[in-house]
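Sharing a structure, written as structure tokens. Questions coming.
All chains are identified by letter, namely A, B and C, in their written order; residue positions are counted from 1 within each chain.
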Amino acid sequence: MKSTVKREESSVVGAGPWMYRFVEELYLICRSITGEGVRETLRRIDSHVPIEVHEVPTGTQAFDWTVPKEWNIRDAYIKNLAGERVVDFRKSNLHVLNYCIPFRGRVPLKTLREHLFTLPDKPEWIPYRTSYYEENWGLCASQRQADALRDSEYEVCIDADLKDGNLTYGECLVKGSTDEEVLLSCHICHPSLCNDNLSGIALATWLARYLTERNTRYSYRFLFLPGTIGAIVWLSRNENIVPKIRHGLVIACVGDAGKPTYKKSRRGDAEIDRAVLHVLRTRGSDFSVREFSPFGYDERQYCSPGFDLPVGSLTRTPHGAYPEYHTSADDLHLVRPDSLADSLSIYLELIEILEGNAIYTSLCPKCEPQLGKRGLYRALGGLADAGEGEMALLWVLNLSDGRYSLLDIGDRAGLNFRTVRYAADLLLEHNLLAKVRAGG
Amino acid sequence: MKSTVKREESSVVGAGPWMYRFVEELYLICRSITGEGVRETLRRIDSHVPIEVHEVPTGTQAFDWTVPKEWNIRDAYIKNLAGERVVDFRKSNLHVLNYCIPFRGRVPLKTLREHLFTLPDKPEWIPYRTSYYEENWGLCASQRQADALRDSEYEVCIDADLKDGNLTYGECLVKGSTDEEVLLSCHICHPSLCNDNLSGIALATWLARYLTERNTRYSYRFLFLPGTIGAIVWLSRNENIVPKIRHGLVIACVGDAGKPTYKKSRRGDAEIDRAVLHVLRTRGSDFSVREFSPFGYDERQYCSPGFDLPVGSLTRTPHGAYPEYHTSADDLHLVRPDSLADSLSIYLELIEILEGNAIYTSLCPKCEPQLGKRGLYRALGGLADAGEGEMALLWVLNLSDGRYSLLDIGDRAGLNFRTVRYAADLLLEHNLLAKVRAGG
Amino acid sequence: MKSTVKREESSVVGAGPWMYRFVEELYLICRSITGEGVRETLRRIDSHVPIEVHEVPTGTQAFDWTVPKEWNIRDAYIKNLAGERVVDFRKSNLHVLNYCIPFRGRVPLKTLREHLFTLPDKPEWIPYRTSYYEENWGLCASQRQADALRDSEYEVCIDADLKDGNLTYGECLVKGSTDEEVLLSCHICHPSLCNDNLSGIALATWLARYLTERNTRYSYRFLFLPGTIGAIVWLSRNENIVPKIRHGLVIACVGDAGKPTYKKSRRGDAEIDRAVLHVLRTRGSDFSVREFSPFGYDERQYCSPGFDLPVGSLTRTPHGAYPEYHTSADDLHLVRPDSLADSLSIYLELIEILEGNAIYTSLCPKCEPQLGKRGLYRALGGLADAGEGEMALLWVLNLSDGRYSLLDIGDRAGLNFRTVRYAADLLLEHNLLAKVRAGG
């Protein structure tokens, strides 16, 4: 495992530009919680990793929720009296209130303003607004555009359909040697917004690509879902899979220049929580940690009390904490290839821990074994500094009593998981250790 | 409950001057652990709330203790050779050593000094001294008065009785809908000392008045007792009531300008401890917290190992921590109407938590319920700030799994109990929540 | 117990120079893990306390280890072409690579340098090096000596034996009234190094002397062992004794001027850990605490997972943390009589806690007993300051419910163990307390 990961990590830097190019490719598609934009996005993902696409008809019940109508949009604009498009969906798909009802007509300026959303504090930016569960029509514009409206009335066109159809989501199961699963979920419902969440889609796609080329213990289930309703629909149709899920992460906002941020699962001390914190702590660069809250992305559903899955969220600057969030400024400038690559390397290092963590028992529990006679230990004693590798050997031998996992040992010893794992492998080779069970 | 409390809290500010006036009224009465002063004090309390007065004869056994003799005093003085009263009980009842034996005679200055207590560091103040369990005669004076004694001998008179009689205490039970009790105890044995503890007597009286006008779940038992011996006598006569006590507080020193101080119960993490800390933390003003110690007021007895009741003590500047403590400077200037009102409001907010705390279970535990379709949630999504009320709805739904109480949820979510309770009530109305049990 | 300890502690200061003199006496003996140096050292210890000496033949199996050959050395030197001894074992026994094979011959300077160990950063100091488990010959010298070697070849002599023989260790069991044991272990394999570990040998010897003159509850087992192999051999031959060991400490580096340092046992919260921390905290001078790690002295073996004994290590500047460590500068200047005496006093205070710790139950658990009528309490009430002794009485009565030991009470109350113990003794005398069991 160790050497494999090392090789791939060096290629992670190379993956940054590729992931970035995929973000660019998806940027122009107008997505919503249903409709062709979602389907097109899944087709593009499928060109990298095989995706199983699910279509769930409008009206299908999913716990407390009902699958809504399918929304498709062709065009939208505001025309002035001179017939010029002063707000134009073709320039940015954020200009339409996402999931709004179709509308066509001439409206006085006063009425138009009631249906026009802006950001007065950020006069150049277009806000991202949705109206999923209340029927409304509306457009979004920059404050500068709104201020320029002087005509007495305007022609408004929202050429959209909101009809019975399907909710669409994609699933990619990378099978491992066991049925135990790691859930990796990202939302795919946002239109031209790069960090939230084309970055997450790109990272999940590349992570799935890496894992298909590798032998793993866990099976990795990637979900590409419309936010909230998609996760609820998936859970309602897959209650039989839920008991197999050992760990999970919601992937979002992984492309900006901010530091990594981990939001813990509802449990707070699940193995996934401890594994992510181990990775972030031992990397040596800044990061932040947030306690669970029932507000954010789809961890809300995975961590609802009826499931209480060990699912956290590993982002860079999180949900709502950067000024460009949910505006047209969350664009191709905000996301960076090196940030995507750095995020990917964190996810890979984490997977290395999940795959490699295990509980062992020493086969020589009474006193230390003689490492020297096995060539495991420098023969020349008496040095003050015995080296990190030797420390790892001693720690693994001392704490492997059937209670502590390698991750526990790394955390207690202040040693990197990789070093501890390396020591455990050496000791296994020399019959000084036996595996009690995989996992933590 | 919520609206009721709000109305009453607004009248709490108005209660400050009334409580202060009651302190003034009680100030001139000379109290001790037994005697007419206690009876007169209980009569005055009874003019506000109905008090059941208990008389326990001298010699009655109470665990390791025996009810002592009844002490009554009429007059006490030191007269100089010119026949002038240089120390005069009529000017301050602190001038007599509380509970001292009667004495009458001419004594040389040297002997007098052995029986005269002063505070050399505070030359203007008279100390408060007692001699409950050792027979002695004595007087207390300011250092200034003591320094002025120049005659060769003085006439001393302590016109008191120390005879078989009764120990007197008062009890006021405000019945709630259940037999579970909240114990509220204050000591009434101190003579002209305002903060310690006329302030506590006044607050307990007003709290009892409020509760008699309200429907509560708990029954509230107010005890007006002589310190130490009174609590011991009460416990020895009411062992059958002890198992009903769910929470308790000792009320003392609640009228000075200092910040609120909470001394935890012996258990340290009882519901009363967490509830008081929640109130103090969410009020936004300064406060302090002390761990339990077996030194202080009657929590010593309630928290003795044979009872170990969840009884803390909620004061302002505590026992022994202000310079005027147990001196004539603990007078009507030290206690302030607004401090009394502020203390009362803290007690009322605490009672609101005790009454309203409960454990619920979500009736929609798998994924979030759709709050939007019930009008519980703003229909227009996509905003970064969802508002505290919505957060409370989500937190209550997420943590209501039969393990967490509303107080737990408020503490974990960083939300005020009232907001959490409001959210729970809304969810109950919409059949999204069911009560598992009252309490924490 | 209390008065006894006090008397002896006053004589602890007097013990400093005596322990120092013993360090001086042992300093010139050349020790290794086997051989005459160990035997001679044990003979000198036996002149102070009776030592049972054990001889374990070469080749004996001890868990994963085998007792090595016996090493004895008579002389070693490097002679230049002029026949002068430029490196001379007779000047310092550190000049020989400890436990090295015999060698005699003329070698070119280049070859000699490959077998000559120095400390380039500390040009005046001779390093201490060993080669226990790899056959090698070598010498150690100061960098200054090494730099002065200019001749083309040198005559090398290591007049040593490495032959079948015995491993020797010493044991001193000071019997108490019970079979429960406290293990006190120190390594005796280092040659002319004073702090590490002639200081530990001297302290252990004096501690054993003190304990032989005292009635104790625990039996105290002192082990004088070669490091690592000695502890492993002892454990392999005494598995029946292991279950009797209640507490243990490894004694090393107790003579330098640094502050006391405690390294916790693997368990981290054993009674020994809490007792040592109590002593260090209540002494009022600086100290440091380290978590357990499987690197250091023989706690490595006692805390191996098959034994997991509650054994910590109480040193001054620990293992490897002072520049003179394992060099000729760990000499008679580094160790000081007053530091030895201070260390001894810490060990004695600790033993006082281990001996005196117990769990009691109050015989008057409902309310406080009336201390006044028993003369246990100042009769004159009403003072703000009640005194530490009275606080101890109240704390012991309040927490003695069969769950808390006196050590627990001292830690929770912030009171010195001795004060708490004194209070418990008073309460026992007055039939207010009964012992539940010795220990914590």
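One rule holds in what follows: a residue touches a chain if its C-beta (ideal position, glycine included) is under 8 Å from a C-beta of that chain, and two chains touch if they have at least 3 such contacts.
Predicted model, so just to flag it, every value in this text is computed and none were measured.
Chemist: Superimpose the Cα atoms of chain A on the matching ones in chain B and note the rotation angle, 0 to 180, in steps of 5 degrees.
Modeler: Result for this pair is 120 degrees.
Chemist: Regarding the chain A and chain C pair, does the interface count as same (over half of residue numbers shared) or different (under half shared)?
Modeler: Counting shared over all numbers used gives less than one half: different.
Chemist: Just how far, in Å, is the C-alpha centre of chain C from the one of chain A?
Modeler: The answer is 54 Å.
Chemist: Where in chain C do residues touch two or more other chains at once?
Modeler: none
Chemist: Which positions of chain A touch chain C when the two form their complex?
Modeler: My answer: residues 362, 364-370, 372-373, 379-382, 384-386, 391, 394-395, 397-401, 413.
Chemist: Within their complex, state which residues of chain A touch chain B.
Modeler: On the chain A side, the touching residues are 62-65, 98, 128-134, 136, 228, 231-232, 235-236, 266, 293-295, 300-301, 303-308, 320, 325-326.
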